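Next up: the structures, one after another.
First subunit A sits with subunit B, and in the next complex the same chain sits with subunit C.
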Partner chain A sequence: MTVHNMRHGDASDGGADAVGGRLSRVDGPAKITGSAKYAVEQQLEGLAYAVLVESTIASGKVRSIDTAEAEAAPGVLKVLTPDTIISLRTASDWFGTPPPDKPYCPLARDITFSGQHVAAVVAETFEQAVAAAALVKVSYDETPSIVDLSDAKAGDGIPIDAMTKKWGDAQAAFASAPVRICAAYNTPREYQAPMEPHGLIAQWEGDKLTVWEPSQWLDGMARTYAEWFGVPFENVRLVSPYIGGGFGSKALALSHGAVAASAAKMLGRPVRLVMTRPQTFTGYGGRAATRQTVTIGADRQGKIQSIVHRGINETSMDGMWVEPLGSVTSIMYATPNFSSKQNVVRVNSVVPGAMRAPGENPSAFGIESAIDELAYEVGIDPLEIRLRNYAEQDPHARKAWSTRQLREAFAAGSERFGWERRTPQPRSMRDGNQLIGWGVAAGTYPVRRAYGEAIVRILADGSVEVESSSIDMGQGTYTILAQTAAETVGVPADNVVVKLGDSRFPRAGVAGGSRLAGVMTGAVYKAATSALDQLVGLAISDPRSPFHALQANTLVVANGRISSPRGDGPDLSIAELLGSVGRDHIEATGDTMPANSTAQDRYKNYTTIAMALPHTEGDYSRHSWCAHFIEVRVDEDFGTVRVSRVVSALDSGRLYNPKLAESQWKGGIIMGIGQALLEEGIVDRRHGRIVNNNLADYLVPTNADIPDIEVISVGIPDLHSSVLGGKGVGELAIVGVAPAIANAVFHATGKRVRDLPITLEKLI
Partner chain B sequence: MRDFSYLRAGSLDAARQAAALPGAMLLAGGTTLIDLAKCGVAEPDSLVDITHLKGLDKIAVSASGATIGALAKMGHVADHADIKRHFPAVSEALWQAASAQIRNMATIGGNLMQRTRCPYFRDPANFPACNKREPGSGCSAIGGVTRGHAVLGTSEACIAMYPGDLATALVAFDAIVHLGERRVSVDDFFLLPGATPDREHAIDPGEMITAIEIPNSAAARRSTYLKIRDRQSYEFAAASAAVGIEFEADGRTIRDLRVALGGVATKPWRARAVEQALKGKVLEPDAVRAASLLAVEGAVDNGANHYKIELAPRVVARAILKMGETA
Partner chain C sequence: MTKTTIPVHLDVNGHRHTLQLEPRVTLLDALRDRLGLTGTKKGCDHGQCGACTVHVDGERVLACLTLAAQAEGRTVTTIEGLAREGELHPVQAAFLEQDAFQCGYCTPGQIMSAVACIREGHAGSDEEIREYMAGNLCRCGAYPHIVAAVRQAALEVQS
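So, the complex of A and B:
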């Protein structure tokens, strides 16, 4: 049976409610009025409070932990140390690699970074736990530490062969190129700094664990908890209806979660543990510090002949984090010869983690600064040089782009920005003491694809309910799924209730890599389509249905009403129809998994990232693209940089909701401004400790730092990338902002800053 | 758990008496004190809440000057029409300080008494050595992360920067701190660290700031506060300057000049050498820039804070020139 719901699937026929409409965030009112309950706000009977004790050295061993005083302190229920905490099993990593069969202890005896969890105190009240935690005395045998990448002891690190990319003979082509540039670009440790700090409430009932915890990936985290505690996956329930920002940092179950869940098990009481703001700088990893050298050989017309790229990122002593630094370098420009290699260097830090556009972000800082340097070297406009080297296909995968609206982005952005009025000479534009600079840079992010499932129910009152264990951390999942269900079934979005953030719902993969919207709109579309099929099927074939006599083979559902396409039959509300056929609801599950997927496939898909489809799978290379045009004003006496204008044109394919996509893009650009000008974890080299571990000293942009940002969508539907034609939104826009600003600063001042952030002392 | 008592003072005398007891601390807006208690730096045995005392939040501006009650809120003083008219630098110093939320809570008395932002001072668990916290324990900052530390007025014992903006403006205009009956000039109220960095103010136990008095002057009426920082808002100064100027009748010759520096010194820093060098001279850019270099005479850096020595004179010069322009 075919169902015509007579819609084109964009805002042209559905207003804000349809996919593509500018519906405001449906979770907005709950958040603004405070009725949205975040994870650790649950009120539970018998709740106990855990507080972490962290190492004050960066390297060495715990010699002893004296807990006597803490144990005697008022209200203390338990002091957990490596000796007293229950033993857990090591869990698999996020690829699902079977773990080594050995115990896991979230409290450390061997110290590999300052701020590592060594003990925890659980007490009746939070205040008691805080006070007692200060009484735990830990003594250490300290050993020398490797502070960071610039430490003389750090060495060259470990080559990561999987990161090596090569074609042609890049070295030889560079040696014979008439124009050569070579420079080193560094990015510091950066932190996700979400408003809501990490924390959780864990509660056991028998061998069933419930965890209220902000999460970008309920099913992945539930798997980790299940493996740690050796209970079936089904026994772990994660609940995370609202998340106060994640930016990559809330996708995995972390050691503090293991501590809280262990404490809950040991005490037989629910336990709440929330990190302090300083702990959020060491309790899990931010973006790894990186170093890159980019050499470009070109002819005198600026046509690239060779790119040689070398990258290094830091990782921890016992964890492996690879920040793929050659990811943008290898695809942004056409070059006949290319070589990229990457090493990873162990330092005494927490293992770094994912932060908005891991890999692409620092990678773009290197190549997009270097191409600007090349433009000045050959005397060609920085926009023109990008067009001269435009990659017509993926130079690395040698496949056609699924869609690449980057040329369109350059055109739309430069036009709107007024780029043609730019005078090329550095220091040639000024306003009093302010040197004005205009910079451009491009960005890209791959389309990561995975699978998801959802339930769509049409209820007796005609409303529609969607359930999925996917999440909304502010990016708009609630809203776009409401739009998808509303449009597909044919009801107003007001009549759709979307329930997310509970691992008991149909499953979903990680909300990371900008994949969730594409995955979940696809799953909801399928579930809603089959619910609609059932509804129309009932209306046509159920003898009790007023449409039965019509002998139609199709009906129209729109705006919550059912009628015949020719308008010659009854016209009923969905509720009336369900009433007439005596049904209290219709339910359909939909997923985007390949047909005949086994239960094992499904489990693997939702709890690991192993099943994600490569962005170059099949005949196409799939990416989102953007171009940023940025104006800065640099005070020539003070070296202070202010961003005064941003015009960005972005290709995220089809937008499910332009209002929300624009907001995501702007958020990325704002974060990019912070990265360019402010953000840096500053380490005390003697102690290997981040000293600016709070939001007064780790600076993120304020409203006053952010000018009006204009974003222009240049995308077209890309059906190679997702069911409904969207590409990635969330991570794209931060990529390229920092180099656009650095390039603008060069244009303003004649100084090339290759170390982020561009603070005033670098320009003074 | 650390218990402490909380007392809501009913009268000024009761507050002073309660505050004189060992371990007692006055609590005003709490934006410094509660923060420091959370870091484990302040461990009061008793908190004497003075926010309910009547009459201490008045702002009175007369022919002789302004008197600002110790409990007046930063935000109110910044917005006060007469303060803006007679003491623009004071208003500007306040509205460029902290955030709107903090300015709505924080008081003028508490503002003067705010403590340094030295990260080592604020983290006793990780950095036990801090002469300001624990006299004789050493200084963790020297040899460490010093980007925000002072280059003027430092000692071997402590290089912590005084971060307040308001006091910088006050010291430029010879403001006076009222400790009940006792009067101390702002310049004398703040102490250099010397060998006793734990002693920051000329205030005794049981004394309380009751008001700030700022004498009227032509220089104060034509004044500005220029605050330079990486972030446009909600950051302490990398360097700042409070400048007030009075011209002779010719509108060019400098009769009176006031210059104070913030963000670079261990206390609000009056730059008298700059004032002396320019008084009686015609305001002229090169002369102003040359004289401004005197602001950092004797400055000593600790590596990462070297830029402050370059930056501060430029901030001073810009502020003086700006005041010259608006003749």
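So, the complex of A and C:
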């Protein structure tokens, strides 16, 4: 990345350079001046432009593709169809499961969803490719499709045994409970909709492939490209300096990438392919639609005796996506009896994928709505009932929490929000024709851990360089790794340059599951400690060093200068010391893999998710926690819902940079507001198409939809979760927002909406 | 479809460029693909997201809905032309200070909109800022910080 000399934050930032400081984004200057070059913005000689052609049916076969007119169009270099594209090999999945030994064709003959790629046009200019793509004529033999979960043909689906959780006798305990509630909760298809559309530039030099592509996982995607094209892993270079948002959608190499890289190979030219915005709704999967039933049996004091949970999520005809719907249900509250099961149902859709807190997010909508219903049933405050059923340990794993500051979150959030002023009756608070509702809900996300590598170099001019194949899509990786290196080595953060987003750098694994910050601060801390040890070792032992005569045991490095802890002897800058001993740099690799790891272990760790440590490994159960307090105002006549106030208290452990963590939390809350009130992929039942496949019809929150949001950190360092004490940040805050809003809407209106999003027709 | 191209003269950030373009080339694609000015972003290509906001004769326009030929003889300012002699525009500085972005992809459009929003006199209150910045989507959800940055910059610009 570019080096900038600009102020970071204001004077009140004191100590901003260190881990835990409020340092402004070090990649910020490049982003606010337009100089940050995102992956597909590289300017390459001879670049050709590819545009995809998609299926207009949801089920059937391609009968023929007439490319004659497209091929004759001005500027067209090639039209790719299933018949003309080069043959690829099937790649392994993200667990590293060996693939079947059969060819892979990223352009489909057999259609299983509307919007599937069937052809691509490559031309000299983007405009020529767009125009020619419209001339490709595809004819089909159409067969009936299953458009979504509500389709009568969808059936009950496939049981996923790995999702079954059970203790006690939940059915019997429910049957004998004095208070019983049972309700069904639905969430629709939702889309990540990052502002930067998916796309890439692919370039071959011999059998070496370079791919400039926005990526949450350089090493995993490089593996897939290598397997597709049958070239060694080392021959594929992924470059992704900045990522314009991912939210789970940019972790895997997708079929459009295979099309572009094939086209580049066939043409011997670099090829750029960027999805249109409508294509981003079918070129990869959003969050699967889900259905849950939650039954709770309790005593008259609201103490839970039994939870029975059943869930289903949709998946595609030929792919498998499981959205773990019992993940929050099974750990949020103490219950002696529990049962959860899940099925997946095949529909004619692209295979759904990861979207911010997959599993936990819809799971929390079920249980956090249901416990609110229980609170009204027994006449107990919704906050109080959560405290009465507080889980003092993980009820499923039967292990102690590593840290669980949820009680503190409830206390801090409710106080700041003014919860005690809430009147319990629905429709009891109003302001003119606006009904006011106050709702609460909790959220959680597991701490996912893995291993990482980094290089830290101390250069001749005293500056420090960090290299890692990890990425920054806005979470702040550039910044927190600069802070980690700055604090550990003892230099100002301005003197640290962090280089990310290139698979040639030491490897990092996936930026997903809120794990990257914990993984990479650990690796950079280790590398920087080792570089510092070398620096101090040189200063003490090298005969040319001005410190040599001091015969000190150790030296202090602070603010880029080296001195004796006693204050006697010389005081040198790092550059002066390196100059005196004749070194142009010091380099150290930090690697948090277990010491006896083989090369194969390392490859597996960085290119699959098979080596991730379970969050319940060892003696503890590790999770982040949060509590949302939300006010809504509902227009009594029109049923329109506005979120007017949010206070959330969150436990992400130690924050590496509170300024950036607060931003990410607020972003999660805002995406949760969209989920609660706006977001829904609507299917045309005749053709199985997503009809609102654009940003004017698939509504995401705008500035005018969002009030001031207050976030409070209640975390404490959790050294069972990471080297420096942090837990997850990025996914946590969206979890629990939708139920908090649904609960607030019930308080405002007396209407319980169990089917997201909460749109006005459900209230009038 | 036409094979013909036309000469288009663009005045971008004080530099004059002469391009030979097909008439269907948008201002956005001309900036990004022909002039290498990739600070202006393509988020939807349909005027729905605001990521491509630039100034034409000082007013905010969506470069994806503007043909390059329509900018003939007019003054175009992009995010790359906002800072003067290395000094950040107050809106840029405020975005950095308030952490008004995460991934950064909507940011150039937000900043160009914010500069115009202040110039139009639509930054008088948080409510007004939210309304007049509502055409620029931010999926990372930086909205509260964008409002704070526009409020701060408006005070600096007006003082």
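Annotations
One rule holds in what follows: the second predicted complex is superposed on the first by the 750 of 764 C-alpha atoms of A that agree within 3 Å, B and C clash if a C-alpha of one lies under 4 Å from a C-alpha of the other, contacts with A are read in each partner's own complex, and residues count from 1 in each chain.
Keep this in mind: a contact is a pair of C-beta atoms (placed from the backbone, for glycine too) under 8 Å apart; a residue touches a chain by one contact, two chains touch by 3 or more.
All values reported here derive from a predicted model rather than from experimental measurement.
By the touch criterion defined above, A:Pro74 lies against subunit B and subunit C together after alignment on the C-alpha atoms of chain A. Look at A:Lys208: by the touch rule set out above, it reaches neither subunit B nor subunit C.
After overlaying the two complexes on the shared chain, residue contacts for A:Arg300 are found with neither subunit B nor subunit C.
When the shared chain is aligned, subunit B and subunit C each come close enough to touch A:Ala131.
Using the contact criterion defined above for the overlaid structures, shared-chain residue A:Arg398 touches neither subunit B nor subunit C, since it reaches no partner. Taking subunit A as the reference, the larger set of touched residues comes from C, when subunit B and subunit C are compared.
With both structures placed on the common chain, the touch criterion links A:Arg544 to neither subunit B nor subunit C. Of the two partner chains placed by superposition, only subunit C is touched by A:Gly244; subunit B is not. Once the two complexes are laid over each other on the shared chain, residue contacts for A:Asn703 go to subunit B and to subunit C alike. In the superposed pair of complexes, A:His585 makes contact with neither subunit B nor subunit C. When both complexes are aligned on chain A by C-alpha atoms, subunit A residues 73-74, 125, 127-128, 131, 696, 701-705 touch subunit B in the first and subunit C in the second. Remark: subunit A residues 56, 73-75, 114, 125, 127-128, 130-132, 134, 278, 433, 635, 637-640, 642, 677-678, 682-687, 689, 691-692, 696-697, 699, 701-705, 757, 759-761, 764 touch subunit B in the complex. Note for the complex: subunit B touches subunit A at residues 1-2, 40, 117, 119-120, 123, 125-127, 143-145, 147, 228-235, 238, 306-307, 310-311, 314-315, 317-318. Per the touch definition, subunit A reaches subunit C in the complex via residues 6, 9-10, 24-25, 27-38, 41, 43, 73-74, 125-128, 131, 192-197, 242-247, 274, 276-277, 473-476, 659-660, 662-664, 666-671, 694-696, 700-709. Across the complex, subunit A is touched by residues 1, 3, 22, 24-25, 29, 32-33, 36-46, 48-49, 51, 78-80, 82-83, 88, 92, 95-97, 99, 101-108, 111, 126, 129-131, 133-147 of subunit C.
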